[in-house]
Amino acid sequence: MAKKPFHRSRTVAKSRVNYVYSQTVSLPGTLNIEADALPSKIVLIDYNEANQTQVQLETPEECAPYLDTESVSWVDVSGLGNRDIMQRLGRVFSLPPLILEDVVNVPERPKVEDYENQLVIIARMVITNEGRTGFYSEQVSFVLGKHYLLTIQEEPERDCFECVRARIRNNKGIIRKQKADYLAYTLLDAIIDGFFPVLEVYGERIEDLEQEVIAKPSRQTLQKIYQVRRDLLTLRRATWPQRDTINALIRDGNELISEEVRIYLRDCYDHAVQIIDMVETYRELASGLMDVYLSAVSNKMNEVMKTLTVMSSIFIPLTFVAGIYGMNFNTEKSPWNMPELEWYWGYPACLAAMVAITAGLLFFFWHRGWFESFSTTKHD
Amino acid sequence: MAKKPFHRSRTVAKSRVNYVYSQTVSLPGTLNIEADALPSKIVLIDYNEANQTQVQLETPEECAPYLDTESVSWVDVSGLGNRDIMQRLGRVFSLPPLILEDVVNVPERPKVEDYENQLVIIARMVITNEGRTGFYSEQVSFVLGKHYLLTIQEEPERDCFECVRARIRNNKGIIRKQKADYLAYTLLDAIIDGFFPVLEVYGERIEDLEQEVIAKPSRQTLQKIYQVRRDLLTLRRATWPQRDTINALIRDGNELISEEVRIYLRDCYDHAVQIIDMVETYRELASGLMDVYLSAVSNKMNEVMKTLTVMSSIFIPLTFVAGIYGMNFNTEKSPWNMPELEWYWGYPACLAAMVAITAGLLFFFWHRGWFESFSTTKHD
Amino acid sequence: MAKKPFHRSRTVAKSRVNYVYSQTVSLPGTLNIEADALPSKIVLIDYNEANQTQVQLETPEECAPYLDTESVSWVDVSGLGNRDIMQRLGRVFSLPPLILEDVVNVPERPKVEDYENQLVIIARMVITNEGRTGFYSEQVSFVLGKHYLLTIQEEPERDCFECVRARIRNNKGIIRKQKADYLAYTLLDAIIDGFFPVLEVYGERIEDLEQEVIAKPSRQTLQKIYQVRRDLLTLRRATWPQRDTINALIRDGNELISEEVRIYLRDCYDHAVQIIDMVETYRELASGLMDVYLSAVSNKMNEVMKTLTVMSSIFIPLTFVAGIYGMNFNTEKSPWNMPELEWYWGYPACLAAMVAITAGLLFFFWHRGWFESFSTTKHD
Amino acid sequence: MAKKPFHRSRTVAKSRVNYVYSQTVSLPGTLNIEADALPSKIVLIDYNEANQTQVQLETPEECAPYLDTESVSWVDVSGLGNRDIMQRLGRVFSLPPLILEDVVNVPERPKVEDYENQLVIIARMVITNEGRTGFYSEQVSFVLGKHYLLTIQEEPERDCFECVRARIRNNKGIIRKQKADYLAYTLLDAIIDGFFPVLEVYGERIEDLEQEVIAKPSRQTLQKIYQVRRDLLTLRRATWPQRDTINALIRDGNELISEEVRIYLRDCYDHAVQIIDMVETYRELASGLMDVYLSAVSNKMNEVMKTLTVMSSIFIPLTFVAGIYGMNFNTEKSPWNMPELEWYWGYPACLAAMVAITAGLLFFFWHRGWFESFSTTKHD
Amino acid sequence: MAKKPFHRSRTVAKSRVNYVYSQTVSLPGTLNIEADALPSKIVLIDYNEANQTQVQLETPEECAPYLDTESVSWVDVSGLGNRDIMQRLGRVFSLPPLILEDVVNVPERPKVEDYENQLVIIARMVITNEGRTGFYSEQVSFVLGKHYLLTIQEEPERDCFECVRARIRNNKGIIRKQKADYLAYTLLDAIIDGFFPVLEVYGERIEDLEQEVIAKPSRQTLQKIYQVRRDLLTLRRATWPQRDTINALIRDGNELISEEVRIYLRDCYDHAVQIIDMVETYRELASGLMDVYLSAVSNKMNEVMKTLTVMSSIFIPLTFVAGIYGMNFNTEKSPWNMPELEWYWGYPACLAAMVAITAGLLFFFWHRGWFESFSTTKHD
């Protein structure tokens, strides 16, 4: 039962305009934690080149002893829990109230804030919805200190950091030789790269819609195109400020980030630009699809109209001819009253005239090219 | 009776292009107060860390003694009243004529003006119209001095400052420990945050329209979409200069605003950017809805046309066949004249032919997929 | 008779793409005065704090003695007259040939040119066409010297400077205490503020069209929307460079403009930005109206189609049934030949079948919601 | 015969996407002269304040003696001729290979290149196609030295420099007193001003289309609108870089261009901006016309549909009524079988019923306002 | 069999949204080589002014001895082969892991990275698909050292470098006198110029579609327009960053690129800008075509509707008239019951009335101009 509101508020596919910043008028520094926020899970990973520990903590205060040691301490809080936990966390990490507010009052726009001794990064993580169109989206906040990194996620269930945890555990790559800034970069990179699979889903979705919109545009197609446009708009809103955030990290000289990590961040920046490129391209494609849809519907209507016109134009005149000879003029009163009815070849002549009319009209329509679309439909 | 013109001129929902700057050619510094301006209500709140007073004043001159004391004096004038009151107010606060003009000749574009010893901020406040689409919008002008803050609102009835007043009264938060610049920030923040509930209404409105436009697009839907686009355009016109105003406050080094308040303003700036993000996103959604609407109407017409075509294409040929045998050719004059009429199985054969024609046409339409949209309509 | 070409070339409503820069290949500095230019009227207003004179001069040379006195001399030339007058004027004011060309070869784009001792401002003035849609538009050129201001208008009949002349005459405001630069500002301000009433006309026009486009879109509506878009495009072309012109006056340090007047110009700049805001907003509204129009036309066609489909779908099958029993199969030849015709209840049964068919079809159409739009039309 | 391909490749109206840069992969500095390039015509005009000579030269080498004299030498090469001529020309003027490539491998984008002692300007000249829609467009390259100006045109037949030649011949204006930089300015100015008549043609074209699109939109209208949009796109592609080119000439301090000429160039720059303004305005108008066209076609279809619906809705029910009484139920078998047929007033009553039905339907259609568009059509 | 997936992933025409950056979450510096990557072919070209050698190498290590000699060594690796080859290549050229990742994990966005002693350029090469619409697109990476240039292409089969190889072999132009930076420029230039033939194909394609869309718009036309828009979007995505890349090479002072080569690169930059110009122009044309298509379809439907309306409006009333006289009112019961049937001129009068009705309706339709489009169709 605790699941339901969670799903509702996190999945784009379900609640559609959900990615709304709903701050209400409140004291600056107030923590507005939604009633359905999930309980916090605090995991501490402490490592240096030689050792690593991963423990789940009960209270925020337990991580205090790790923070000032030389080893890198990664405190990962997932689930915003309640106000009390968050305020205690703030005290342990000496977070100024405004930062704590940014971290807790989700959703916040991705940005980087530079406080004395601490660097706060707000990022947005998307996770593909197992191949279906929607995606999960949650805020991840980073607080980077000299020897520690605090990350705060909205929910404990899914993130894209598992590979980083594995790398630390297994001492793979250079991560255990590096400082906390490298860890922050690695996580940011994982977040950015997490957009690619989501975009791939939309790429395939657009390809499918391209087929559908030409072959058999239906009302559902329209809805799907609109949904894709909407989701891409949401993605776009997440990607642009993310790029600026990484750019600010590279450009603003902050001593917490080493020169070497800055070079890595340039790579991460390139990927963010690629993602924006893709989002914008997909948006243009989706918007072009709408035009195609409208044209395809017009095309179909055209075909319907042609069918109607051909049928009506042929049979209405014929019916008229038949109607003529269904009139009851008294042939006995006058030789001018429908003498055709009395002719020996009357009926066959009448039928012949009808065939001639039909042939003439068919030729007229064929000459105007009205039958082409019918035949192309078959082959295509 | 004084209410009616007021409502008409403040609510977007009623008078539509009302947010118009209608300055007429006039002497610079002239005060053009509309005839239906509400009488001014002057409320003074004077506070320091230890004490606070809230008094309603009769004349602008009464606040003079408070202005130069060390305590913070917030003079809140709501209702533009008449020219005389405003000029006396200008004299009490030594406002230059151009500033007074900006403050009084509403609507003015949000901006910040930096005079010696005083900082003038023009802002636009929106207040949600109790859940309905329109919103109230009024100008709030700030004049910030060293120990005082003068705010001038267009109307006394509603504003979004109540929570700030309460905070001062109850000494909640740090507001009583701070100077007038912090007060100005708090009020600006309240104004900015006041956009969120208004936007939320439009977010829901768009969601409703999305349902409506696909399910049953009507003429009203069109009107509603247009209305939403129009209102968002008005909101947009208010938000962009507001963002620039806050940015100017942060960037331009004015000694009236302390470093600490500048940090708070950065937070306020982030919210303004979020609001712009949302407005632009909603605008794109609303504009996409228009495309969807047009397509949906085409879709419906398509369905209507198919119905017509199916009905006509089936019954017109049948009627023709019936018409044939309604002709009065004299069967006695010739064995070629409609011998079918005399056959033993004539009528059943004729009916059988009709059934065959109907079946053939139905197969043709089914093969072209014309019945699909009918069935999908039911399930969807 | 001299009036007609004048009206034709100045009113947007009549000659539509008239605001065209039609310089032909010519010697730089050549004066191309159109054959239908109006004769020049030269009015000199000379004033200082104590006195003021207003005289109409016959020749440009008569103003020479006033130019170097300490009092402010405003020479207002209205009507471009002929080349000779203009060249003599150029000599009196020592205007370089290129400037004279800018001033005379209308229309020129609004701009400011800074020559030694003189500042040349090209502006565009619009005057509302007495409530009708079009507007008059003419170029006003300013040549600002230390003690004089030369203004050149295209035509003598209407301008928006009357209030300024009255202010000088009646010594209202501070104008008589100020220098020529303040006069230039006042006139520029009058020009800028002159856009507001014109825009107000378009605001109302758009409101009217909004009603019309939903209620009863006709061919005229289309034409009107297009006309509004076109006029707004013309206004836009005038406003953007005007803003840049004022900005250049404020920013570029020219000693002819005092610091104090620069502050006044900032106010004027704000108004120019407001006008641009409004023009762009109206343009968006007008462009949105086009979409609405297209949708409304589709809606109407939908309604027409539904009427046709309902009528046809009901009566065509009925006619077919009637046609069946109009066939002349010989009932005597076979018991299978239309025995219904001989039944006692044949005709009532046939009518009952027809009623049943009609009811079935009406139910089908009602179920699909086709009658809703009819009923809503009545109430709405 | 040599004419035909020439015309084909220069006129927009004929070969439509012709303004294509078709460089193929080639050695840098290679001269790709098209096979149909016209033979070069070399005209030398040498002048100073006192004298002037105009001679047609046979070989590029003949101009060598003139280049270093104090008098201004304008060598005008029209027609790209063949590679040999161009290479010899390059040697005479010591042109670096890359410049020669830019000059010869047309079309190149307008730009300015600053080499030591020489300034190379690539410009695009348009010439109106005698009032018809298309226009001629060719590249003109300038090589400006201290005492000479080399201009290279694509074709010898038409240019817009005749007035400049006349001015030199007749010593009109100040041209003979000036240096080569002034000559370059005069020619550039002639090129820029040459856009005005071309644009005027499109202005009139758009006005005509506005009439046509409302009054009687046909398939040709659509084609014409598209053609205008296309041509404006081509013009736009020529004008934007041209403006940048002139701006670069003004801004980049190159000693080959004197301060005085820079002032003249500012005027030329203003004209370039005006041209861009006009092109963009026309583009918006043309794009708006497309919307109007689509709406007008919908309007016409609406009218057609109404005609059909009115006709069908009136006559189909009547035909049904007539069909009823055409049925052959045996009135003798039963008093219920169509007793109306035997009534005394049967036929008149039937006709009266038909008239009543018709009147009812006409009232219904009139009430829905369907006849309005018919009447307005007549008056309008 | 290895061919098929290759073709599928490189040709736009086949797999449509293929140009997707599909990095998955992975360790920075990881090489993700697709399973279907082609085996690497390593060709070394070593040359100086006097000599040149071209050898195909088996292993990356074989090129090591050439790299530090004074002669220019161009190592061209085509086909990404497998991870092992690439890592050995990285070791031979001392490539940092991040660079190797950029080079190998295709597709990467075009960019330039400046490492100590090495300059890495990522470019995108397009090759025309033998006149058909699609095009091949592959990434080419450059690693420029002091005396060597390493190029890595995705596939060995086709590139646009053949002419450069020929120039080196035959000592044509100045290439053998220049350093590795000139070689890099030449190859970049070849890549940029390779866009022109591809664009030319699209230019012709658009011209064809222009004809088709007006003359006979079909469902295929729609598909083709959409395909062109899509491909142009892909091209655009490749060209913009390419331009920035070249600009960065010119602007950023890197000592690996000499002043002289920078001048050549300016030429290359101009071409890149021209390509962008063309892509944007084509995009606008293609987007305009969509509008034309929609209008053309509406036009056709209009014509279809007119045919239907003319046919129905003429024959339905006639049928009604015939129906009247097909009624069986008993003429013997009353003199009012269809006495016309008994008239001597009854039938001829009835026919005459029908002719009159037809003539009247035809005049009505002719007067409304409905027959014009039919006649224009023939001539056009």
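In order of appearance the chains are A, B, C, D and E, and numbering begins at 1 in each one.
In this section, a residue touches a chain if its C-beta (ideal position, glycine included) is under 8 Å from a C-beta of that chain, and two chains touch if they have at least 3 such contacts.
Each chain and its UniProt protein: A, B, C, D, E = Magnesium transport protein CorA.
Just so you know, these numbers come straight off a predicted model, no measurement behind them.
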Both-way neighbours, i.e. chains that touch chain D and touch chain C: none
Angle of rotation relating chain B to chain D [CA atoms, steps of 5 degrees]: 145
Centre-to-centre distance between chain B and chain A (centres being mean Cα positions), rounded to whole Å: 25
Whole-Å gap separating chain C and chain E, where each centre is the average of the chain's CA atoms: 41
Touching two or more other chains - residue numbers and ranges from chain B: 294, 298, 301, 305, 308, 312, 316, 319, 323, 326-328, 338, 377
Category of the chain touch graph - line, ring, star, complete, other: ring
Chain D residues within the chain E interface of the complex: 16-17, 20-29, 98, 101-102, 108-109, 111, 113, 216, 218-220, 222-223, 226, 229-230, 233-234, 237, 290, 293-294, 297-298, 300-301, 303-305, 307-308, 311-312, 315-316, 318-319, 322-323, 325-328, 331, 338, 340-348, 350, 377
Complex contacts: residues of chain E adjacent to chain D: 160, 163, 167, 172-173, 186, 189-190, 193-194, 196-197, 199-200, 203-204, 206-207, 210, 214, 263-264, 266-267, 270-271, 273-275, 277-278, 281, 284-285, 288, 291-292, 294-296, 298-299, 301-302, 305-306, 308-309, 312-313, 316-317, 319-320, 323-324, 326-330, 333-334, 336-338, 368-370, 372-373, 376-377, 380
